[in-house]
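So, here come the structures, one by one.
Shared chain: subunit A. Partners: subunit B in the first complex, subunit C in the second.
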Partner chain A sequence: MASAETPRVTSRYLDAFTSKNVRIVGTVTKLMGTDAHIDSEGQVRILLGPDSHLTMGHAVEVIGKVNHDLSIKAFRTTDFGDRFDMGAHLKLVEASHVVKELFYTPV
Partner chain B sequence: MANYGYGGGYTNTSHAGAEGGGFMGGSQTGSQDTPNGQRTYGKDTVRPVTIKQALAATFAHPTAEAKIDGADVTSLSLVGLITKVSAQATNTTFSLDDGTGTIDAKQWVDSDAGQENAKSMPTDGDYVHVWGTLKDFNGKRHIGVRTIRLIGKDFNEITHHMLEATAIHLQFTRGAPPTSGGAVEGGLFVGQTNGDAVTNGGPKPLPAHLSKEQRAIYKVLQEAPQGNEGLHVNRIAQTLGIPSNAVFGAGDLLLQEGMIYTTIDDETWAVLEY
Partner chain C sequence: MTDQRVAAARAQITTGALDAIFNENSNLENRFPVPVFQCVQIKKLGSQGDSNPERYRIVLSDVSNFVQSMLATQANHVVHDDKLKKGSIVRLKSYQANAVKGKRILIVLDLEVIEHLGEMDKIGEPVALMVKEEQDIKPMNTTISGDGFYGNSGGKPQQQQQQVQKSLPSRPTGNTSIYPIEGLSPYHNKWTIKARVTNKSDIKTWHKQTGDGKLFSVNLLDQSGEIKATGFNDQCDLLYEQLQEGSVYYISGCKVQFAKKQFSTLPNDYELTFERDSVVEKAEDSDEVPQVQYNFSTVGDLQTIEKDATIDIIAVLKEVHEVSQIVSKTTSRPYDKRDLTIVDESGYSVRMTIWGKGAVSFDANPEAVVAFKGVKVGDFGGRSLSLLSSGSMAVDPDIPEAHRLKGWYDSNGRTNNFASHSNLASAVAAGGRTDVIKTIAEVRDENLGLNGEEADYFTTKATVVYVKNENFAYPGCMSEGCSKKVIDVGDGWRCEKCNIVHPRPEYRYIMQASINDPFGQIYVSCFDDQARVILGRTADELMEMAENDPAAKDKVFEDSICKSYNFRCKAKMDTFQDQQRVRYQALSVTPLDYAKEATKLAALIDSYHLTG
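Let's turn to the complex of A and B:
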């Protein structure tokens, strides 16, 4: 079951999760074909699949794998709209790494 | 859910049973036993959980109710991204993923419902909020769905749910946060909302890292009628109904932090008032 876990991260956590599957929420800041950038406590490059539809300025949740250059290959994206509270979400990310037992199994 | 009922217990012994508040229905003195004594209404609360918690829940025996953090969970709620939908003759199974694990949620088909209902079903890629009961069938966990609702507009619901699950887990494992006493009448921390100075009088909030036992020990020491010499460890153990060595273990940190001190011997403690 552990393989089904996708820890919640922001750009600050990517180092610790290379080659792992994660979920990250950020605001879309750049969009060029299948190459996108989101702001999640810093810019993160997202390599999109053909099925992903992102909107500039919207929050998006990306589930994907962290590459060695700290870009993320997206498996799945969900548009969270333009009314997503990023501050509250950052608190959740923080909490999820403190109260790990509820969120993921550290390796 | 609003009244965690913790703060009042420090100074007023008549509130002694209030610790733990609404979630721990089983331990409340006011639990409403039905004549056969098996069920209490207090337990029938909906507990928000992460999927990882649902997968880690324990069943005493196959037909028993699930336990999470040692508390019975009759109903639970969770949020998740649907990764698969499989419609069968009798039920629809949604595979849910909330980032902490994956679990199936089964909704029985209501044969009386019209066909238009089936069309408005959430599909692959949707986020949903699910309420139901945790089932263990041949060792495989699933959720028996009572209600499933699409999260379509306001995705803050996901953030809120996960944070609420975390807060409640922490309540069960570490006790209620001291600052949540605001709901208690004459609350000790009212000053935080209306700006009055409250530094005089009321007890200081306990440090957040204390365990439930440590809070309980501190409270017993604070409330028990005692002379200058404090209370013996065995008395504390007796009052709380836990083994003496557990009191020793938990008390160590309180001693280290200088919150309590030893009096006539190493096994007799009193609260260090400051």
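Let's turn to the complex of A and C:
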């Protein structure tokens, strides 16, 4: 039903993408079993799947669906390690929304 | 039923609070931290125009007394939301006690209606408050919430201050007499501050023709700011023992003067002088007064901070050197000093010098996180730091920045190589030139290298598309530093320049590669060092493969293409068989730091000034 597109977002874009699949990168700030918190220009709660292994302090990319409470149900997580340049990434996210047609089908 | 409700309400009401607020307000925050009253009357005042919100006058009773009160407009919502009604029981979270024309008035800034108690008739028979003295109480703000209610005094640029507080900042207090340090000025002298002594100097004496004297000074801190206070002669004797570093005191009755900036590094225009009538009392409850205010800069920032600036800094101790003594040329007195090397997440390291007793008794170990306050920036060897005598240091403080630094150091920092501020070479390429970045199209369009004898230098990010896999190396001289071609003389290889015959040559690359970027293509020639990066093998190895395993050699060339690097090149005119052409030579080939390149691209995108 949902398209295969996963726009790249940070916490401040979440309310524009509720019920959609997105891709978000953040630093892991809290691990609580099936939940985690990541910091992506603000705190985001992630509901983890069974095979997600996150490490505190590492950057992680989460592909998942945005719930109405702006938490994300993760389908897949990828560890981006501890040497991730968040600044460059944030610039990418920003640019991708400025020229959205290049990156996803605008709503 | 009604009696039960009334009894419940009466039990909550803080009887006696009004009398305390207006007549006996010592220790008010302990006795009545949150006054609870009954609102026996609400009246809307005639509106003063459409643009002004309406104002409500309410009468508050604590069963013994009642007092007229004005509801501040920011609290109007309790009436609009229909919460505050005549007979409601309310909690005052923030208020001011005033006297207007001899009458006592309460200004309510924030109140909460205890809705579950409901509304009821006036409880008891409260009477108008009797006043002890006819003295206008100057309105002073009675809440000290951590957000700097006084944050901006007269357009002074306020920096982001990080506070180390032991309890929650928004604590409602009912004390009418605590003034914030930021609010002190020479124009107002009936104040009391509640502040912590963050620093106490030694007693200093001086001898002049006019007489001798002694003084000591302290730095005082509260949530709003910091100020220096000095005690001379008699006050010095009286107060030196009383004022202890780290303790909190109520202080009043000092002279407020313009600060003598050469003796203090605190960011306050004023400073205090203790006088005969000054009062200093130890405060029992010191929770809401912060310990130390820091405003940290990073080691990387130091390049941009000017010499002689005073900063705070928090960093990981990389090295601790021995204590040494130097004698001052001016005063001929010996000073103890110790050098430390500190590093932080910016990737830079810098030398910090600490002095005196702190230097001698320094016992923190490398890898500890240390917060320094009051550090002077110097330019010795680039940039250097020195802890001022009015400064302080805290080892492994329990603040978020320290934990963050510790976490960074444990995961990354330990193994990092740090850029030092003491070599002024930062992004300068060898030979003292800064990188000129061009696309290949620009290289061609701007005719780089075409102007006569001079060479042009440029750097470009490009991808290797093709490498010539024949004649890619020559036999070179094995002597250190000599790369001349050697001739096969039968039982050895002879170098003309060194006049030596080597048993075998050391092959060196003379490689031609075609490199492309999105805008153009050029051929660059590479010598040994550069080609090694591109092919990943020494020329000797490749020559051997060419002899014994040509397929492997071909694979090396195949693997070298489609890889991107930063090429720093020289473009120069070359005459070859009567033809003049620009030849490009790669001086250095470096792999890409993707994060840096991404940031460069982001900057380029920004420069397009796209709008959303």
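Following the convention adopted for this analysis, the second predicted complex is superposed on the first by the 105 of 107 C-alpha atoms of A that agree within 3 Å, B and C clash if a C-alpha of one lies under 4 Å from a C-alpha of the other, contacts with A are read in each partner's own complex, and residues count from 1 in each chain.
What we mean here is this: contacts are C-beta pairs under 8 Å (C-beta built on N, C-alpha and C of every residue); 3 or more make two chains touch, one makes a residue touch a chain.
Treat the numbers as computed from the prediction; the structure is a model and nothing was measured.
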Comparison of subunit B and subunit C by subunit A residues contacted: B
Touching partner for A:15 - first (subunit B), second (subunit C), both, neither: neither
First (subunit B), second (subunit C), both or neither touched by A:57: second
Partner chain(s) touched by A:35 [first = subunit B, second = subunit C, both, neither]: neither
Partner chain(s) touched by A:5 [first = subunit B, second = subunit C, both, neither]: first
First, second, both or neither for A:103, with subunit B first and subunit C second: first
Contacts of A:88 with subunit B and subunit C, given as first, second, both or neither: both
Shared subunit A surface residues [contacts with subunit B and with subunit C]: 83, 85, 88-89, 91-92, 95, 99
Subunit A partner contacts - residues on subunit B that touch it in the complex: 50, 52-53, 55, 81, 97, 99-102, 125, 127, 153-156, 159-160, 162-163, 165-166, 169-170
Contact set on subunit A toward subunit C in their complex: 57, 82-83, 85, 87-89, 91-92, 95, 97-99
Touch list for subunit C against partner subunit A, complex: 407, 411-412, 594-595, 598-599, 602, 605, 610-612
Of all residues in subunit A, those that touch subunit B in their complex: 1, 4-8, 23, 59, 61, 63, 76, 78, 80-81, 83-85, 88-89, 91-92, 95-96, 99, 101-104
